[in-house]
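Notes follow the structure.
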Amino acid sequence: GQQAQPTGPDQSTPTQSTPSESTQPKKNEGKLVVGFAQIGQESGWRDAETWSILNAAEEMGVDLKFSDGQQKQENQIKAIRTFIQQGVDVIGVAPVVETGWETVFKEAKEAGIPIVLVDRRAAVSEDLYATFIGSDFILEGQNACKEMARLLNGKGNIVELQGTVGASAATDRMKGFAEELKNYPDMKIIASQSGDFTRAKGKEVMEAFLKAYPGEIHGVYAHNDDMALGAIEAIKDAGLKPGVDIKIVSIDGVKAIFEAMVAGEANVTVECNPLLGPQFFQVCKDLKEGKEVPKWVKSEEGIYRQETAAEDIKNRKY
Amino acid sequence: MKKGILSKNFQLFVTIVLFLVLFLAGSLRYRGFFSAQVFLNLFIDNAYLIIIAVGLTFVLISGGIDISVASVVAFVGMLSAYLLQNGWNPYVVMLLMLLIGSTGGFLMGYIIHYFKIQPFIATLAGQFLYRGACFIISTTSIIIDNPVYTTIANYQIKLAPKAYISISVVIALLVVIAGTIMARFSKFGRAVYAVGGNEQSANLMGLPVGRIKVLVYVLSGFCAALGGIVFSFYTLSGYGLQNIGLEMDAIASSVIGGTLLTGGVGSVVGSMFGVLIQGIIQTIIIFQGNLSSWWTKVAVASLLCLFIVLQRIISANRDKFKRKMLNNA
Amino acid sequence: MKKLTRNQIFWPLVALIVLLIYNAFFAKNFFKISVVDGHLYGNLIDILKNFAPLALLSIGMTLVIATGGVDISVGSVVAISGAIACSIIDGRLGIFNHSLVSALVSALLSGLACGLWNGFLVAKVKIQPMVATLILLTAGRGIAQLITKGKIVTINSAPMMKEYYFIGAGYLLGLPFALYIVIAFLFLVLLLVKRTAFGLFLQSLGINSKSSMLSGINVDRIKLVVYTISGFLASIAGILISSNIKGADCNNAGLFIELDAILSVAIGGNSLNGGKFMVQASIVGALFVQCLTTTVYALGVPPEAISLLKAIVIIVLCLFQSDSFRQRVFKGFKRSVKGADAA
Amino acid sequence: MENKEILLTMRKISKTFPGVKALNNVDFTLRKGEIHALLGENGAGKSTLIKVLTGVESMDGGQVTLEGKPIHVKSSQHAQTLGISTVYQEINLCGNLSVAENIFIGREPMAYGMIDWKMINKRAKELLNNLNVDIDVTKTLDSYPVAIQQMVAIARALDISAKVLILDEPTSSLDAAECKELFTVMRKLCNEGMGIIFVTHFLDQVYEVSDRITVLRNGELVGEYEAKSLPKVELIGKMIGKDYEQLQQIESAKKAHMENKESYLTCKNLTTEGNLKNLDLEVNKGEVLGLAGLLGSGRTETVRALFGADKILGGELSVKNTRIRNNKPITAIRKGMGYCSEDRKSEGIVGELTIRENIILALQAKKGMFRFIGKKEQTKISQQYIKLLDIKTPGCEQQIKNLSGGNQQKVLLARWLATNPELLMLDEPTRGIDVGTKAEIQKIVLELAEKGMSIIFISSEMDEMLRCCERMVVLNDKKKLGELSGNEKNEQVIMEMIAGGKSV
C-alpha cells in the first residue's frame, strides 16, 4: 500500500532528470553497464563472491561499476544513488542488512533501473526489485543440524559458535538449526556464544567452553568455517581430537575447512555457493533485453563431508 | 576588515577551497560527476552525519570527546522502529528519542564532570550501553513502515527540474545554522570555547564550568538522537549493527573542519565541510567504480591524508601565504 | 594504608581481584588448573595467553598517551604484520618463502615502518594524533588485504607452521610462551623509562610541551620514538594473534583492539590527557579486560548482553577509581550511618 | 580614615594543605574606599588567603563577613555574584579567545538575544585605552605577551562592578608607566567606595597607593598597620622576621670586576621570526648585560632568538667564535646557554612534575637521555638549590604547581643554575619574588658573573637593572638604540634614549 507516495505524481520527472546519462549508455546498445554494490570483504566467502563477479564481468564483456561498501549500509545506499546518477542498466546489491532499502530502490525504479538482489534478501515490496539470486540461511542451519544429528546419532551435547550478533546470517543460521533441533530430543545445545565470525574469537570462546564443560561436549556447530577452524585449534590444545572426540559442523565451504576435513579434523561443511557471477550477469542481460526473469533464482548448493573431502578439494576454487 | 575575516577563518577558507578543488578534480575525471544532483546527494547522503558532527563539535571544542554517538544513532533507529511497530504515535516517538539522547548525554556529562571520569571512557561505556540495548530490543533489523516516516523519507523538495533535496537536508542545514549561531552568538557557545581553552581559567573567570560541560554532552546526545531520527528516515529501519565506527567519521570531519581535539578551537560550518569532504571522497571512489575492498580503503585513506597534509602545509605557511596575497594586492 | 590506596596500581589490582573472587563463586571450574600435554591448562592460563597481544599494545599505548597523543592505528598494524608474517610462512609472497626468520623480521619491520609513519605525521607534519593515526587505521587494513590479496591466509600445512604456532600458542616451562614475551617487553620498557631519562621527558612533554622544549627536550624526536615503539609492539601483537590462529585474517585481526588498549590504559588509572603514567598499571588493566572477556564466556552470558555487561562493569570500575565519587558516596554513607545512630 | 565603614572581615581563617599549614588563624579587615596591601614573603599565604576568600579553595576554619553579613563563598562564580572581583596571581584567562572576549565573557552585552560583538569590541577598546593599552582587541589573547595579558586581566576585573576588588600581584610584569595608569584607576574606584586588596612585592608601590598594610608570615598574621606610620625598613623587618641589610652588600659586590673583556657570544645583523630587526650584540665572559626597553621593545625576542626558541631568518650568530646555524634550544643548552622564560606558567613549570624533576629537567636534557641522573643524585641537587634559594616547600617531592608563585619562579631559576651554563639569560627572573629573596638572587647573579658566567638580565624594574648590570643595551621597537656602560647609565638617560629613538 505504498503507492500513494508524494513522489508518485511526478514519477516521470526523475526519469527525465537523467536523460543525458541514462540515454548515453543505451546508445551503444551492445555493452551492458552494471553497477554492483558489494557489502565488503569480511570473509573468505565474500571474497570468492567478489572474485566471481569481477571475473564473470570480464569474461562476458560487461562494463561493471563496482563499489565496496565496507560493511556499511550508508555506503551501499550512496553507491546505488551514484549508480543512478551514472545511468547504469542494472544495479546489483548484496544488502548488508534486510531493511532500509525502500527509498533508494524507489529512486532506482523511478529512474527505470532494475535492482537485482544478490545472496541476501531485502525487506521491500516485490515490485521494487527485479529478482533475488541466492540461497537461504535458514535452510543452511537446518542442513547443518541434520548433519550433526547424523554424526552424533541423534544424541549428544552441542556448543554453538554464533556469528556477529545481529548479522542476518547469524540470526538465520541459529534459527534454522534450532528449528531442526526440535526433531532430535536427545541432542541439545549446552552453550552458545558469539565468535564474531572470526577464527580468533572462535578459538577463544571454544577454549572457555572446553573448561566450563570438560568432557561434556560432543559436537561443535559453527556459523562459519573460520570459527570452526579456531575451535579446532582450541580442541587440539586441550589434548582432544577434533573431528573424532568432538564433531565439527560448519557453514560456507571455504578451502581451509576442506583441508581440515582431509586431515580428519573437521566433519561437515554446508556450502553456500558464492560463485554467483555468471548467474548474476545472465539475469542482468535478460533484464536489459526485457525478458521475464523469475523472482528467485536459486543458487546451487551442496553439503560436503569428510569422507569425500579429498576428492572435493580438487574442484574448490576458493 | 575583509582581511581580518580571512585571517581569522583561514583554516576554514583553506578547507572550502580544497573541497572545491576536489569537486573540480572529480568533475574533470568522471563523466556525470559535474551535476547539481551529485552535489546535492552529498547533503542527502550525509545529512545525519552533519547533524551528529555539529553536536560533536561542541564537545570537542569544550575539550572533551564523545564516542557514543554512533551507537546512539543505532539505538534510536532500533527503538523507534520497535515503538512504531507497536503502534506508537510517530511524533511522540521522535520527541521521546530526542529526550533519550539528551538524557543519555546528561548522564555521561554528569559523571564526566562530577566524578572526573575521563570523557573517552565514559562515552565508551555509553557506546557499549546503547549498542547492547539495541540487541536487547532485537537482534534482527526492524522495518519502519509508519506513513509519517515514509512520507518524510520519500519527500523530495525540488530546487530545479533536475535537482532535489530531502527533508533531512533541510533539518541538517537548520541544525548547522542554529549551531553556528549558538557557537558564535550565545553565552553558552562562547563559554564552551572558554572551557576548552582553559578549564581552570574559565572557572576562575566565574563561568559555570560544570553546567557547561554537562550541557555540551546533552547537546551532543540531542544531536546524535536527531541524527538517528534522520538516519531512520534514510533507511526506514532499525538495525543494531548500524553505523559501527561512525563516531570516527564524525570526529574526523570535525577535525578536518578545523577543530582542535585539545579544545578551544573549531567551527560548526567547518565541521559541515569536513563531512562534505569525506562524502566527496566517497563519491569519487564510487565513480572510479573498479576499486576492490582493499583499494577502496587505501584510496580513502590516501585522499584523506593528502587533504589533511595539504591543509596543514598551507595553514603552517599561512604567513608566507598572506604576505604573497598582500604583495599581489 | 593511605599510601597504599594512593598508589596508582592499587585500584586496578583491587578490580582484578574482585573479578577473580566473583569467578571463584560463580564460574564453574574457573580456577581449575590441570596438566595437559606437559603444560598447564585452565582458564587462568588461557587468560595469560590471550591477554598477551593486548598487553603489548597497552604498553605502547601508555607511552603514546603519556605524550598527550593516541594511536588508534594499532589494530591495522596488527593486521599488516600478521599478513606479512603468514604470507611469508605460507610462501605466497614470492620472496623469502617459508622462512620463519624473515617472516618475523619483515613483520617487525612493517610495524616499525607504520610507527615511524605515524610518528612522522604527528611530530613533523603536526597533524593531531587521533586523525594522523586514523589514516593508517583506514589504510592499514587495505594494505594488509593487498598483501594477502584479500584472502584469509591459512598456514596449517606450511613447513614452519609448528615453530610459528609456538610463538603465540606454545608453552615454555608449562606457561604460555607469549607471556614471556610480554614480561620481556615490560622489562625492556621499564628499563627505558626508569633507567634513562626517557620516562621523565615523556611525562614532561605530555604535561607542558612548550616548557619541555625550552628545557632542551627534543619533543619531536621523542614523539617519533614513542609512536615507533607503539607500532613495533603492535607488530609483535600481530604476530602473536596470527600465530595463535595459524593464519592471517586481515579483516578481523585486531579489529577494535585499539579501544581495548585505551581502555586498559585508563583502567590502569592513567590519565588519557597525558603526563604521569605507569606501564605496569596498564598491564594490570589489560589483564582485567581479558579476564572480563573470559569470564563472560565462562559464565555463559548471552552474546547479545555482552556489550551491556561490559558497559556496566566499566562504569562501576571507573566510578570506584574516581576519588570524587568515593568521597561523595562514602560521605553520604557516613552521614547515613550517623543518622542511623542518631535514630 | 579610621571611621571608614568596614566592608569585609575574615576571622580566624585556617587552611592546611598536605604537609603545609598555609594559613593559621589569620584575621583580615577591609574597609570601604581603602586600598589595603597584603604583604609577606613568598609562600607566606597571601594567595591562599585570597583563594579562600573567593571560594577557589575551601577553608578549614574561620568566618567571613561581607557588609556585616556572614558569607560562605562556594565558588569563584559565587564570589563574583557577591561582588568580589579578582585578578589572580597566575594569569587566568583563555588564550584561545580574543582580548575583548576575555574581558567580557560571562557578561556579554546582548542585542536581540545574540551577543553584541560590536559593542564588546568597542567597550574593550575603551577599557584598555583607560589603562593606556592600545592593541587590536579582536586578536586572540595568546598572541600577546604576558604584560599585555596581565593588563587584560586587570581590565576585566575593573569592569566588573564590584564592592571588593582583589589584585594579586598585578604589577609583577608591568613597567612604571603602566603601573601609574593602574594606580590612577585604582584610586578612582576607591573614591567611589570600593575596597581594594592589593598584593605586591614592590614596596615602593605599596607606599605609593595603599592606605593600610596587613603582613603575613609563614601563614600567620603579623599585624595590620597604617601605611603612613610604618617605615619601609620596619616593614621589611616584619615581613622577613629579621633585620634587613643585604641591599648594601650588593653595591659593594658589584664594584669588583670590570676589566677582562673576552667575548663569549656575538651576533650580527640578526633578523628573526619574532620580528627582530638587524640586531648587533656582543656578550662578554663574566659580565652582566642588561637589556632595557619598554614593553614590546624586543627584549624577550632577543634572548629567545639567541636561545634558538625563535627561528633566525637572517644575520649570524656565533658562540666562542664558532658560527651556529640551525639553532635549537638543545643546541644552545649544549653550547652552554640557559634561558629562564618570563612566562613561568606556560613556558616554565611542568605543573604535575615534582620540584626535583623540574629542577633537573634541563640538566638531564643537556646530558642526554641515556646519561641518567640517579634519583639520589637528583634529590641531592634539588635539596641543594632548595636551600640556596630558600624555596619554601615541605620537600622536593612536592608537585611544583602546589608551590606559591614566587617559589615556582625560584625552582625555575634553580633549573638553569643546575645546568651550570656559561651564558644565562634571565627574562624577568625576579618576577613575583619577595624583597629578601630578590636581593639574594641579585647577589647570586653577581657572584656567578664573578666566577666567569655571562648573564643577560631583563627586568622591568629599572632599579634592579641598574644595580646588577655593568653594561646595558637599550632596545626599542625591535631595534637596538645603543649601549650604555659604567656611569653613563641611569634611568634618566635610558628613558631619554628611548624617547629619542621613538621620534627618529
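Order of writing sets the chain letters: A, B, C and D. Residues in each chain are counted from 1.
Here, contacts are C-beta pairs under 8 Å (C-beta built on N, C-alpha and C of every residue); 3 or more make two chains touch, one makes a residue touch a chain.
Keep in mind it's a predicted model, so treat the numbers as computed, not measured.
At the far end from chain C, in terms of centres built from Cα atoms, lies D. If you average the CA atoms of chain C and of chain D, the two centres end up 45 Å from each other.
Centre-to-centre separation of chain B and chain C, using mean CA positions: 30 Å. Between the CA-based centres of chain A and chain C the separation comes to 33 Å, rounded to the whole angstrom. Shown for chain C are the residues that touch two or more other chains, namely 145, 150, 304, 306. In chain B, the residues touching two or more other chains are 135, 139, 292-294, 296-297. Taken pairwise by the contact criterion, the protein chains fit none of the simple patterns, being neither a path, a ring, a star nor fully connected.
Chains that are in contact with each other form these pairs: A-B, A-C, B-C, B-D, C-D.
On chain A, the positions that touch chain C within their shared complex are 40-44, 47, 50, 162, 165-166, 191-194, 196-201, 203-205, 207-209, 211-212, 214, 226, 229-230, 233, 237-239, 254-256, 259-260, 263.
Taken in their complex, chain B has these residues touching chain D: 4, 8, 181, 184-187, 190-191, 193-194, 196-198, 200-208, 264-265. Within the complex formed with chain B, the chain D residues making contact are 56, 75-77, 79-80, 86, 88, 92-97, 101-102, 105-106, 108, 110, 114-115, 117, 138, 156. Residue ranges of chain C in contact with chain B, taken from their complex: 68, 72, 121, 125-132, 134-139, 141-146, 150, 259, 262-263, 266, 271-273, 304-312, 314-315, 318-319, 322-325, 328. Listed in rising order, the residues of chain D touching chain C in the complex are 307, 309, 328-330, 333-334, 339, 341, 346-353, 357, 361-362, 364-370, 372-373, 415.
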